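After this come two complexes, each holding chain A, first together with chain B and then together with chain C.
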Partner chain A sequence: MEMNRNRFMQAAAAGTLLAALRARAEENAVLAARKDPDQLNIALIGAGAQGRILTESCLRIPGIRFVAVCDIWSYSQRYAERYLKKYGHDVAVYENYQEMLANEKGKLDAVLVASPDWMHAEHANACLEAGLHVYCEKEMSNSLEKAASMVRTARATGRLLQIGHQRRSNPRYIHAIEKLIHEEALLGRVTHATAQWNRAKTEDLGWPDQYEIDAATLDKYGYDSMTQFRNWRWYKKYGGGPIVDLGSHQIDLFEWVWGVNPSSVIASGGIDYYPHHEWYDNVLCIYEYETPAGMARAFYETLTTTGHRGFSEAFRGENGTIEIAEVPQRGNAVLREAHAPDWMPYVERGLLKAVSAPIQQSSTRNVAVDVRVTAEAGKWPLPIELAKPAHQPHLENFFNAIRYGTPLNCPGESGYETAVSVLAVNRAVATNQKIEFNPSDFHV
Partner chain B sequence: MDTPVQHRFTHESMATTFEVVVAGREREYARQAAAALFREIDRLDALLNKYDAGSDIGQVNLLKPGETVRVAVETLECLEQAVWAHGATDGLFDPTVGTGFQWLAIDRPDFSVGWKAGGKGQLDLGGIGKGFAIDKATELLADWEIGEVLISGGTSTVMALGREWPLGIGGPWGESAGFSSIRLRDKALSGSGTEVKGAHIINPKTGRPACRHLAAWAINPSATVSDAFSTAFMMMEPEWIRRLCETVPGSAAVVVDQEGHLQRIGI
Partner chain C sequence: MNRMIVFTVAALVAGGAVAEEMAKLELQLPAPQFAGTPKTIKTPNLEREAVVPEIMVPAGTANVAAGKPVTSSDDFPVIGELEYLTDSDKEGSDGSYIELGPELQWVQIDLGEAKTLYAIALWHYHAQARAYRDVIIQVSDDAGFAGNVQTLFNNDHDNSSGLGAGKDKEYIETYMGKLIDAKGAKGRYVRLYSNGSTGSDMNHYIEVEVFGK
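Our next item is the complex of A and B:
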């Protein structure tokens, strides 16, 4: 009947319209969620030790929501899923990153890549090509060609690529290097730098019996054994050794301080304590920097058999030295040379804290000069109020770049420059030769 | 002998020496498990260490009145237990050690901690952090399928798991009272006293060293609770301790009064 047919047509039309409206609403909701600068949806590839540190920092930043986690190890998957659940983030869990990208890329704004170094390029490039911004842990790669491919992919896709040299965003380091050294020239000409990251001896990492990955799965993802998977940093296929794992963070600072890349490096090191490892367990090296003010040299050491002096950096200039470390209690002061100009004006401007007084006057009565060891230079602390958890400001810089177009503090290009400087050390040790750099070596 | 082979491992963290004793497992596997426990303790130390300005507690201490900062879920959990212990001991256990507990602001849904607008104090989780770290490390044992284990934090808090472990208690006063060891299973024992560090426990209400007892021990299934309670028991009358032990399941105590008399409560 006509009536019925009309009603049927109307109902059908309404149904189509409704379905279309619903689809449109869902699409709008997805778009709104993606375009809402208050919430960014992210995924994590690599939920091991470093991935967990990044996760803990992201969870302190408002408006960051974890949508997915990818790791080839079920133990890490389980840890991350449970941990994020405590914060109310229900995540989809994947073993395979391609599957994760295929299913989740529409919901995602960005991906954190914290897999072993040798997989960084593959993971980061795939995410960039999927249209996602990437925060990738340092080192960019254990191969310069792979690191360069990441810079090219970021350029080609127009997506953001931040490399995890987190000191570049640390307010205390920005204050020390950009404010005090560059703007205020507090140290005068900085002629030298020293840095070290030393660790007490350690034995290999293990794994719970019930979470051992079967040989076929390990093989599928390129790992020769569970021992190598757990201790990948010691093996040439997967990582770059301690000079890359530890040294990279601090060698990166030398370029920041002097504004130029090194002109050469000499190094010594070896596999002298852990015979079953492939990478050098101790490395000592000296870089030369041809700065506009003249030659500057930096000494770096990383030891894995003694924890003496832990990790810290010292930037040494004609008027003083800044001692700094990522953990403030390990280094957070400027030492003044006796002939330096008065520093009280810096205290008055809030750039330094009041000095802890050096021994200046005779404390023994009735003597002209109290002869004793040279008075230690006074330590002028940096303002400690700038302290934050180590990785949080660098992640905030990355998310602000996505949200507001803030410049990245360590884009792929900068990460590549540091990778060139750092990976050369292993070559210098292997060949026992001085490595000379050309300025063009540092650019993709 | 019915005692299985035991493997001992030590690690420096939280300004003390942690020890893990594993029974009934092969040495290399036990070492790997102990290393995982120590890594967890180090992770918590990095959150709770008041001397590190970048730690959660360091950051909270730098905040002004009215300010808050986001912290890790573990920091919240530890603080919530500290607040509970503060209530249970009528303020004798105090995570701010008398500097301003009333100003502490914890916002669970926002994962943030800070100070109310009117004032601020200084957090110091030294009286509970080691116990909390031991409890969190204990959670990893199921992954490693290790049941019989002893975890100690600087010998002031010990968690005994999986079988009866003989533990020293009572100090020199215990020897003269004929009560110098106790067998515990799935419980933690914490001791506080004046003989190692001198009078280092401060009564938060008076700001003076606690001096009701020469020493106190607390037993509880949670190392966090035993750690906090042993600090508070130093300042509490035995009758009050007895009532508290009756209300909190699994609790017991030993105190030594100023005359050196040892008193057992609930054991």
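Our next item is the complex of A and C:
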């Protein structure tokens, strides 16, 4: 297939720029470990499950002081206030973010936004306009218009906007993608990628009776019911469904690996198991990427009725495949094709481990081998470990950017590109049509 | 309500052998509730395979902890209430668990009077696969656990708790909880220690059942 050269050059230029901007993991870790860094005062908007994960990681980073917490639910307010108290952080607690900013913005350097997707833009834009740097959870928004407004506000205010695609700061992923795939070309031409995030069936989230939010308060903040407030990810008004909640993290990697945005996506899915939900409970999709080396394709699936295969990613090249996952036990190795060049030099340079040797000729003696089957590739483990919570390096990168001016690993512009790719999947399912992207779709 | 399958077996009592009804203890389990993103479980003392012991208990054995008062080393829990431990609600969702602060913490159940104990069932947290550290379960007649302390379970392999090293294994939390043979220990107070988990520095409890009479 002949490539659209202009499209490729535009996308490649953007990808190269982002790669150049991306701070090295080693630099990130060294800066984050500096003694007696300037104290940064921060607030949290949205103290639910994701807000708690960010809080836990921030408490491990030197020089970070929580000043305020905002959440509309008293259960989460109590949780955050007392949790932080255990670590010596006395915080002011707010239900209304505008009140928080009015009272606290003079004390704050940055805000973590971990509210439901549909409120990200309102919260992030208000914080940026108040002169504060913002770390915002992905997805940027369930609306591209709102996501674009965040990019524009960050530019207009000159404040930092980091989007929470935390794999971009994970040293294991940086090693696999930037070192092994980009610099060393270990896999040769990467022709395909596959990824999945599957979860076992689950009940809707409930809530303790004594912490039920009254109807007037729910209405004030735009929620139709307590059920929808607690399970907002399944409803179109508030979120984007599993392809956004789960898929976004991994689809973001495809663009990182190939350095270009997708040219198209086809998808199938449906509301097939949880009829009371509004978003698709299973989605399978295929992206096309017009790379400098030729066409590449990526398959992604997210299922919510079976946990089989859990979550992991595979980047498949002519000389081998990298299997990787945020939890190393689910993927942390490179599989070498039998015809690939010798990889021992990579082991000698510390870029790979050679624990699981490739199958040797002698190992198949007296064993019936079906000659139509290619010998299983040997597994070469990745040598990098992350001895921190998965979100910590990305937060460190954000705080390093504030303190030392190091580039963000996922600025708003990058988060927007991924949002364009991911939100299109829901449109592809709804219309049952192939979505063709224009390069301009990815730029604000 | 927990079920007991009744058998008649010979049991030795003072003076000779008499027939006593024994029953296999079977726990009433909550709905499974793994959710969210799993975390890496990296801990040196983890059991290779979960084994649920088969525990026979005398007829009339009941959960003597149900509704009993609970105290704790942490009087300012992050979320939840101490009453949750003995309220018979074993679900894993918000509103069913209490979260205590980091480092070594304990909870203690006052059974009201000394009981003979045959089994203890424990659910720390089962919305995520994780292993709690320094899980130690003791029984005593002394509310301060200053004397006559019997240890029923101890997976603190390196004595990081300072209460003595134990030989039990760490285990992964699931909706099935952890069933421990109390082997007829006697006491009024049951105390349970823990020191965070592979998933969090905090200490959680959903329910503790104490089977005795």
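The rule is simple: the second predicted complex is superposed on the first by the 388 of 444 C-alpha atoms of A that agree within 3 Å, B and C clash if a C-alpha of one lies under 4 Å from a C-alpha of the other, contacts with A are read in each partner's own complex, and residues count from 1 in each chain.
In this section, contacts are C-beta pairs under 8 Å (C-beta built on N, C-alpha and C of every residue); 3 or more make two chains touch, one makes a residue touch a chain.
All of these numbers come straight from a predicted model, not from anything done at the bench.
When both complexes are superposed on chain A, chain B and chain C clash.
Once the two complexes are overlaid on the shared chain, A:M226 sits clear of chain B and of chain C alike.
Residue contacts after overlaying the shared chain place A:K85 against chain C, while chain B stays out of touching range.
In the overlay built on the shared chain, the residue A:V444 is in contact with neither chain B nor chain C.
Once the two complexes are laid over each other on the shared chain, residue contacts for A:V327 go to chain B and to chain C alike. In the superposed pair of complexes, A:K388 makes contact with chain B only, with no contact to chain C. Stretch 153-161 of chain B is the one among 63-71, 153-161 or 207-215 that clashes with chain C after the shared chain A is superposed. Where the contact sets of chain A with chain B and with chain C meet, they give residues 56, 75, 83, 86-87, 203, 205-211, 326-329, 389-390. Contacts from chain B toward chain A in the complex involve residues 28-29, 31-33, 35-36, 51-56, 58-59, 62, 69-73, 111, 143-145. Note for the complex: chain A touches chain B at residues 56, 59-62, 75, 83, 86-87, 203, 205-211, 326-329, 384-385, 387-390.
Those residues of chain A whose C-beta lies close enough to touch chain C in the complex are 49, 56, 75, 78-79, 82-83, 85-87, 199-200, 202-203, 205-211, 307, 310-311, 326-329, 389-390.
In the complex of the two chains, the chain C residues touching chain A come out as 31-40, 76-79, 93-95, 99, 101-102, 200-202.
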